[in-house]
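In what follows, subunit A forms one complex with subunit B and a second complex with subunit C.
Moving on to the complex of A and B:
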């Protein structure tokens, strides 16, 4: 997945992009990995490179194979075909306890019979006494649990347990840290804070993280790259902004964020602009697209709700304009979502930031409104 | 709607309890009887307890019973743990159903049949009957009870704990001893208590499989009773009841405490 020259997406750490450097050696390489459970194919031929210091997210609905992929890396499952290498070395013949990979479990899996300190020291058996003590103290300071070293796991809150689990997994300084739904058990507020803390921690430690999640927000906020998975395969890999703004399929567009998919047919192609017709927009569509698509091809136009303008006044005539009627309004505080019924019976989702506190003419239920989007806003999808 | 227990309920409970515990209570009371006649109350005395500790045969029988109980309970607990592990961990191996059925069969097997079959086995292999044959037989009998208790605990044990231990550098073997065993320890202890208690009060299997010099306490009591009940028997029975009750209650309490801690996590 490369970024095309005209698209300048997002404000994410652009300087860090080892996957675009052909000379860079990946830390982890999956090559044609297949895993079956009975008749079910959990992972169906995945090849994937993960680079040093990446914060890599595997995103997908439950049952898409993301957890299986992670467990194969940790050594709890063995692939039926394919190889997994770490720094060029095959790790499949190594048992779980000899892999330089640690995992933070979704259930945290803290040892209930050991206190916080002993839990963190569990993976440091190989260190001499003094060094082990120092490392445990470092870890306690890192996750801000200094005062709770002697507590047992059942005397901790959910957030504290999550931090103990993190400290325990980081303590042996693994080459790669696996995080299985690390924030799923936390409440919303704590989750938001912890997301940023995890990123800060990962950058400070310079460690490679791989996170498995079904929560797209989590994946978008934290990761350097996201792999979207479906039915045991990777559908798209890229920076969060790339995956959001240039999805390569309807599945990805629909899975990450909200999207409106307009069915359309190409009528005219040329010089970076496509003209299309479709039932929902009598005025026709005009979309910027570099890849030439022959006229007559049936495609989908994916347009994000926040890229559709809702107005009460008729815009100047032209492409990408639709008249509609407000069917529903969802007020979210920071955003308002309008569900607008357009010609062809389709319901289009449009979102507007509530930049002003007071609006003179608020849009109301059953109002006649106009929807427009710019030629840049739409992504042409052929699959 | 009428609330609380009715007169009928109270009467039923009282009768039931009396039916269950009156004989035992009577036995305990008469163990403190000063009179030599079992059914005539002659005042309070602990003389029969004193006499008990003078009776070498009785003391030998107590010694045999405690040794058989300790060793057989230990064997049954170790094997029961392994069986429970096989049943909860190794999903769907060939003959799993048969294996679990065979483990639990002794639970419902008549003791006479178990005793007889064990006797036949020992005779067939030419093993001299004695304390070791009783011990082995008790281990066989109590293994299934131990397996049931431990399997119940393992079923609710979070397997990711073991995976976490392996992830942090432990072999599967080390992970079991450092993480699994400490966490299922209360169930293991309860299983041991149960096995020990069952071994203490077994008469039937011991009768079939014991030999000279390996008379257990229940066997001794039974043979003495056939010659006539004396208050010394009451005294030793009271001690046995005390021991068994302690064992059962301890096993129950250990499991309760365990449940309380796992619920909190």
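Moving on to the complex of A and C:
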């Protein structure tokens, strides 16, 4: 794939936002869905719309209910309350084998007694012979496994098995493809490549994908929208960039990426800016915030490490600056992470891209440094 | 260290002492001739005469017992009849044992253990007593006919005939069929069944397209584990079968104790073993394949 077409796809993706169009009808609608296992509430009243051609990610730690939500869509679990509709039609009374939804299993669940070809053809028994053969060939070409059609699953590598599982799930042309931790079993390098391949494939097929993952990077790279889940509920839904840059709670800020959370109290609310005080920054903070928050409110300031500058020079008065001492330095190659202890004992994480090839470090362990962030960098969180 | 391999010898010594040595004795017996003596066969190895004794002994061996077997049709009939009983028995066991094993494997784990116990439990009483119990059930004035009479149904003749032998075989060998089937069905990956349903299979289609083909190794193991010993079965045909029931085990017993024809009995035993080697080897291969797959 050329760079230009990928850029083009990026532009198309950005303009794609059916969830902002009030006239658009969702492909899938969860409405007040509840699922209990004994005393545990796995899914606690979820309402969610997923639109045609979306690459939707359910993101959350294990046990947050994301897999249960997906399994209810596939028909392996029945909700205790609420409805799930596909194109406006209730699918809950349909058994799994009659739903136009296919799933790619985390374990891949390839049939060990069948070869690659037979695995892919498994869901195509309704097609006449010739058409079935053509479809299998198409699928083999799509996932680049033409030479391995006669292999049994145990003769394939992990990456090849993953592609067979994908081809098998796509072959019946479902209205919605569910992917349960699709990349969890692959090693890092392969995972990075496959992420982009999955996106390209989804766009080429024009199919709607819903992926369940605990890996935030996976969700961010692949999806059009991410739903962050916690304890059976959806905490925030939005574009990856929205969820990362404007998290709506400490949970989301903390779960997606790294974040520094400063305790603070609003002292003055002006037009578009807030002034705050906090133990870590004796001089006080100034932050851009459009929603008015009354003075006296206790809030959290969330600042991403890459938005904090580490300098040896004292910043001008009025800037969001705090003095500190370098406690640790983590050199990651592309990034360097500084752990800086600030007044109040808190350790702040600041990251700096290693844009130039500097082997010598200007800042070293135990150096006295200044941390600053711009008024735009911080998100004010009240919950 | 030269002694390190020593423990590995133990199974070989065991086999040599309790299989190879008796086998050589039986093979030797089968090549002897019947004689009016104690024990009732000739030649006998006289090692006090040294090498000459050994030469005379080897010259005395022949294949008369085997020739006799091919000439007398009763042996072939008994042989075929044994195979037939074992085949019908194995087939019936599949029909009875597969649903049992399948049902057990689908139960919740706690119940599974209890059911497994119930399948194995009869082994804790004497085999002979259990077969005698079947006589009490099947005999003309036995339990079964009493129940049938009470229900107003005509009595059935299920004693001292071939159907009685089949009932006995199915009863006695059931665990050998159920356990290997259960072990493959129980460890079948649940997500494969979900994947099949996801790809449009009803439960029945899922069974025939996924569950059944994947249980074939267990099915083969169970079938061979039952078929092999059934061919040589003696107690069940002797106690439940009629006078016309022909099975090799009975034939060997008759030759040995009634006719005092030890060479003939041994020859039957050797032929039985020779024909069972093929299924035994298949069973071994099946087992090692099962061990290889995690």
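A few points about this structure:
Here is the rule we go by: the second predicted complex is superposed on the first by the 367 of 383 C-alpha atoms of A that agree within 3 Å, B and C clash if a C-alpha of one lies under 4 Å from a C-alpha of the other, contacts with A are read in each partner's own complex, and residues count from 1 in each chain.
Convention: a residue touches a chain if its C-beta (ideal position, glycine included) is under 8 Å from a C-beta of that chain, and two chains touch if they have at least 3 such contacts.
All figures in this text were calculated on a predicted structure; none of them were measured in a lab.
After superposition on subunit A, the partners subunit B and subunit C are seen to clash.
In the superposition on chain A, contact is made by A:153 with subunit B only, not with subunit C. By the touch criterion defined above, A:109 reaches both subunit B and subunit C.
When both complexes are overlaid on chain A, the residue A:266 reaches neither subunit B nor subunit C. In the superposition on chain A, contact of A:96 is made with both subunit B and subunit C. Once the two complexes are overlaid on the shared chain, A:172 sits against subunit B and subunit C alike.
Residues 74-76, 95-98, 101-103, 105, 107, 109, 111-113, 122-123, 125-126, 168-169, 172 of subunit A touch subunit B in one complex and subunit C in the other. On the side of subunit C, the complex with subunit A involves touching residues 189, 191-192, 194-202, 209-210, 213-214, 293. Residues 74-76, 95-98, 101-103, 105-107, 109, 111-113, 122-123, 125-126, 153-154, 168-169, 172 of subunit A are the ones that touch subunit B when the two sit in their complex.
The part of subunit B that touches subunit A in the complex is made up of residues 158, 160-161, 163-171, 179, 182-183, 261-262, 264-265. Those residues of subunit A lying in contact with subunit C across their complex are 74-76, 95-98, 101-103, 105, 107, 109, 111-113, 122-123, 125-126, 168-169, 172.
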